[in-house]
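The first chain written gets the first letter, and so on, giving A, B and C; residue counts start at 1 in each chain.
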Amino acid sequence: MNLDAINLGFALGLLDQIGVLVFAVSGGIVAVRAKMDPLGVLVLSFLPALGGGTLRDLILDAPVFWLSDSRYLLMVMFGAILAWIFGTRVEDFKPIRWADAVGLALFAVAGTAKAIGLGHSITIAVIMGGVTASAGGLLRDVVAGREPMLLKQDIYATAALLGGLGYALSDRAGLSFELSTLIGFSLAFTLRACAIRFGWSLPQAK
Amino acid sequence: MNLDAINLGFALGLLDQIGVLVFAVSGGIVAVRAKMDPLGVLVLSFLPALGGGTLRDLILDAPVFWLSDSRYLLMVMFGAILAWIFGTRVEDFKPIRWADAVGLALFAVAGTAKAIGLGHSITIAVIMGGVTASAGGLLRDVVAGREPMLLKQDIYATAALLGGLGYALSDRAGLSFELSTLIGFSLAFTLRACAIRFGWSLPQAK
Amino acid sequence: MNLDAINLGFALGLLDQIGVLVFAVSGGIVAVRAKMDPLGVLVLSFLPALGGGTLRDLILDAPVFWLSDSRYLLMVMFGAILAWIFGTRVEDFKPIRWADAVGLALFAVAGTAKAIGLGHSITIAVIMGGVTASAGGLLRDVVAGREPMLLKQDIYATAALLGGLGYALSDRAGLSFELSTLIGFSLAFTLRACAIRFGWSLPQAK
């Protein structure tokens, strides 16, 4: 691993951790609202925050990322505590949706970048970005017995796939990691933001 | 890997891909009927088509098969498109059940053969045939919030286990790959066909 | 691997198998009561008995433990048969809850010990104890379409985490494997027993 790879690893790790905190808080709030106990809040903080990346690492046969870096688990615990304290006081769901959109865009880029770093094709990398960004939320919904947002609601995983594709193509075109990340993040966040703000959704089969 | 192993790998790959297309279509039709958007159709095509084999490969610590062979993902996408176009026009569920029975038998044999090829015992191999054939459908049902067909409905995974056992014993008896596959496929398909046609089912506990 | 490691492996294997039988019976009884067929009983025996340990091994990238030791699958089959025969005759749920508490404590210690043996930190090891003890039951509930006990009910995974922590700290303090196991088991079982007997539970968010 050369110096560039180390910097890239550091930058990806930082992105991952911001996303982890955001997703942990939003998962924990679901648990708090459902009147779960602290362990339930912790589990529902864990699933969206680390579940998607765990599945990605299992499929790619990479070491599961949070085993060797305790900051991820600390972020989950911190997010669960924030959700526990503030979860019932937040009257309005909107801030959560926007924080979730930031996490979605961050995870999509981080997941795509990790798969590319492991030598996988653009197709596989973009799918892994989608898995990283949305599989954790799917697990959260399935475990909490809610209808999976992923399957019915407006553009969600689609935004992750677009962001991942933007990153992957920018990277392939020779742009820097920073610029590729910015492009991928912006694409995913903008599409998701439009879906939230303007009610965009994909068409159903007729 | 010698020449025989390569031919065996090729034949298994072909079987896998036919099964993948069939399962992707049947999963996609579930999504189309539930009025999901294209991304939901893609996810519900993916789960039964590649989910069981993915779980098999994770448990056996083999490289996940669709990472290195993009034809599988193309098949899923093709199956999802077919489901999207024709899903609401198919009035009768029966053709889907028969196509599903073909996929079940193909996956049972392919999963068993892969585990044997990796040096596992007949017991493990037959279980892996069952996992390959039925875990994907279980994931589809759990994610779609439907009652898992696997647990209550008539003979399904049982047919996969019988087919896997037929393949494994034929292989152990020294029969060729082609003949063993034919025997395993016929056993699984016939038992499943009888379950569909004559309403066969296993007894419940009294 | 030296002699001590072999003895430790043997002792852990024995613990694991007692826990497997207990969990298989309790899972099978859920299936029998829900009028599932024998295959459904087998699947619902398998999930709590081997599901948690399987997830632990996948995350730790260790060989899945029941692939190389057929006694585990025999135990699951034996437990499923016991559940099939006696499942509808047991009028009272209470013995199952106590057997489940024994399994919980055994799995928590065995899972923690395995992760420590693989060189992981106490934090990771304790989490893996919790995963081993409670993820299988979570899978059982999700697949059976029941509300996950883990998330809402009284102290369950919390007892597993406490037992794992007791084992890990005893082990770190230089106590023998036997004594550490006894301490961890006693802590987990006692806390779970108090939760059952006195209705202890964790507070909900206000």
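Basically, a contact is a pair of C-beta atoms (placed from the backbone, for glycine too) under 8 Å apart; a residue touches a chain by one contact, two chains touch by 3 or more.
Just so we're on the same page, UniProt names per chain: A, B, C = Glycine transporter domain-containing protein.
All figures in this text were calculated on a predicted structure; none of them were measured in a lab.
Trainee: Name the graph shape formed by the protein chains and their touching pairs; answer line, ring, star, complete or other.
Mentor: Chain contacts: complete, every pair touches.
Trainee: Please report how far chain A has to rotate so that its Cα atoms sit on those of chain C, a copy of the same sequence, as a value between 0 and 180° in steps of 5.
Mentor: 120
Trainee: For copies chain B and chain C, work out whether under half or over half of the interface numbers are shared, and give different or same accordingly.
Mentor: Counting shared over all numbers used gives less than one half: different.
Trainee: How many angstrom between the C-alpha centroids of chain C and chain B?
Mentor: Inter-chain centre distance comes to 30 Å.
Trainee: Can you pull out the residues of chain C that are in contact with at least two other chains?
Mentor: Answer for chain C, listing residues that touch two or more other chains: 58, 142.
Trainee: Contact residues on chain B for chain A in the complex?
Mentor: Per the touch definition, chain B meets chain A at residues 31-32, 34-41, 43-44, 54, 58, 63-64, 67, 70, 73, 84, 87-88, 142-145.
Trainee: For chain C, which residues count as touching chain A in their complex?
Mentor: 58-61, 120-121, 123-124, 127, 138, 142, 147-148, 150-152, 154-158, 161, 201-206
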